[in-house]
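Look for chain A in each of the two complexes below; its partner is chain B in the first and chain C in the second.
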Partner chain A sequence: MKLYVYCLAEGVDALPEPVNGVSGAPVRLLKTEDLSVLVSDLNADAVPVTRENALGHAAVVRSILDRTTPLPFRFGTLVTEQQLRNYVAARKPALETKLALVRGCVEMSVKIIWELSGIEQPEPVESDQDNKQGAGATFLTEKRREILGGELMEEEAADISTWLHETVGGLIRSEQVSLRPAEKLVLSAAHLVERDKIRQYREKISEARKDRPKLHFLLSGPWPPYSFANIELEFKTPFGVS
Partner chain B sequence: MSSPFEEVIVSSEVEQWEDSDLSLLETLDHVLNRGLVIAGEITISVADIDLIFVGLNVLVSSVETAHEALRKRQIE
Partner chain C sequence: MKLSPENPLSAAPEIETSHAEEFVEQLRCVTDTLPSRINIDAQSVEQGLAKLVLTLIEFIRRLLEKQAVRRMEGGDLSPEQIEELGLALMRLEAKLQELKTQFGLAEEDLNLDLGPIGRLI
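Moving on to the complex of A and B:
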């Protein structure tokens, strides 16, 4: 029997209400190192990625968001109780630092999408010389055009990122921004926003996007701070805590 | 904060999307891509091809689908 782990929180002695999580299993609190971890028992080696399980994971983390700001675990975290206790004990200073960072906040997510037609691309140049050059040279010319277009998009994305930061900078505690994570995405940003500033934040985004009519905005939240929970150290220990 | 999707705005029209595929994709983006990791202890299996998460391109595709639906609705 393993534990499926949802999130870690401070100052929680009991669940606000009974809740079921992944695979419909009841969720319970596991206290360790003065912290509380929401877990459920799971007799499985892997967690299927299904709509129900994904939403179940999200719902459990969200169930305590009104009471406190937890650090969410990533979907699919299956450990033994001893592994979990070892992990929390070994990472306690880093976890407490993260909890202090997110305390009183929620995450707001902004994805900005551009219409490729809205970005000026260098025009293909056709000349007599092009017509005379071979397939290899034509390929290189086309490649150069693609690279120039890519550079323009990079510049545009950086400009939009700066604009977004200047727009909401006064309302956020921290941010995680990924520039051009996919071809049509200008950026994906996660903003850590204090709860009493959510309304202002939304109004600011709604107002500011009128300045960028060629961009599409996908604004969602409030979320538990999924984007602000990672501990850098975790990616430097390939075998985890045994 | 009763819904994880209290507000999702798409494009220049202010649209509220609740319980939509967009919301599911945003949830997947968060729960599958982000969060605390106990290294080596993420074990998932993908059985339902509809929910294979291939990155943010899926989300963008869905946004475009939503736009298309929106345009059709406006034409009608």
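Moving on to the complex of A and C:
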């Protein structure tokens, strides 16, 4: 029998209501080192990656979000009870630091799409010299144009990132930003926002997006702080693979 | 720990966008690139290895191109050297295209997601 691990939290003594998790398994609270871990007992070596299981995992983490801010574990974390207790004991200072970071906060997400064709690309400049040059030189000239275009897009994407940071900077505790200038979904940002600032944050984004009418926005949340917790919480045996 | 009254939380997450279909399409593209399961069979191992090797070659090829363009811009290459360098890089690009076709890989397959630090290319 193994434990499927959903999240770790502080100050939770009981589950707010009975909830089922992955594979429909009931969820229970495991207390260790003054911390609470939400787990399910599963007789399996791996959890199938299905829509139902992903939603089950999210629902369990979400179930305590209105009482505290948990640290979510990566989907598919399946360990023995002893492994879990050893893990928490060995990493307690780091986990407490993480909990302090997310305490009282939730994650808000901003995604931005831009029209790649809307970015001005350097025009090919033909000269007499170009007409005379061979295939190799023409190839390099074309590459130069592509590289300059790519650099322009990188600058434009960085400018959007800076603008977004300046827009919400005073309202966030931390952020994770992924910039992909070569793609349509150019920016994905996760912001750690204090709960009492969520409305202000939404208003700020709604107001600011009017300055950038060519960009398409998706604002979502509040979510558990997935982007601020998972990385250092990984076990060496995720997905039940030993 | 109960939330204090000054720390309210709305019951459910909200999603605001006026371009839902566009975002669904883009997010689907992202999830489609994530492997749901690693299949250990001879064919997928071969293709996976080819993808990794060709990605690294593509990364180096792009570095070489940038370096060649910088040198061309810097004026330290003669017209003959520019032509020769251009031809070599053109052939390398064509060869890589041939290998991609051979292994059934598309342009967007040649990349590595490096997690928090982004993509290789």
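Simple rule for what comes next: the second predicted complex is superposed on the first by the 208 of 242 C-alpha atoms of A that agree within 3 Å, B and C clash if a C-alpha of one lies under 4 Å from a C-alpha of the other, contacts with A are read in each partner's own complex, and residues count from 1 in each chain.
Everything below uses one rule, namely that a residue touches a chain if its C-beta (ideal position, glycine included) is under 8 Å from a C-beta of that chain, and two chains touch if they have at least 3 such contacts.
Worth saying up front: this structure is predicted, and the values here are computed from it rather than measured.
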Contacts of A:V193 with chain B and chain C, given as first, second, both or neither: neither
Touched partner set for A:V49, first chain B, second chain C, both or neither: both
Partner chain(s) touched by A:G104 [first = chain B, second = chain C, both, neither]: second
Comparison of chain B and chain C by chain A residues contacted: B
Which of chain B and chain C A:K184 touches, first, second, both or neither: both
Partner chain(s) touched by A:A157 [first = chain B, second = chain C, both, neither]: neither
Touched partner set for A:S220, first chain B, second chain C, both or neither: both
Which of chain B and chain C A:R67 touches, first, second, both or neither: second
Which superposed partner A:V37 touches (first chain B, second chain C, both, neither): neither
Partner chain(s) touched by A:A135 [first = chain B, second = chain C, both, neither]: second
Intersection of the chain A residues that touch chain B with those that touch chain C: 49, 65-66, 106, 111, 113, 184-185, 202, 206, 216-223, 231
Residues of chain B touching chain A in the complex: 1, 4-12, 14, 22-24, 26-48, 51-53, 55-57, 59-60, 63, 67
Chain C-touching residues of chain A, taken from the complex the two chains share: 10-12, 49, 65-68, 104, 106, 111, 113, 133-140, 143-144, 147, 176, 178-180, 184-185, 194-196, 198, 202, 206, 216-223, 231
Chain C residues within the chain A interface of the complex: 1-3, 6-11, 13-20, 22-23, 26-27, 29-30, 36-37, 65-66, 68-69, 72-73, 79, 82-90, 115-116, 118-119
Residues of chain A touching chain B in the complex: 5, 7-8, 45-51, 54-55, 57-58, 62, 65-66, 71-79, 83-84, 87, 106, 109, 111, 113, 181-185, 188, 190, 202, 205-206, 209-210, 213, 216-223, 226-227, 229-231, 234-235, 237-241
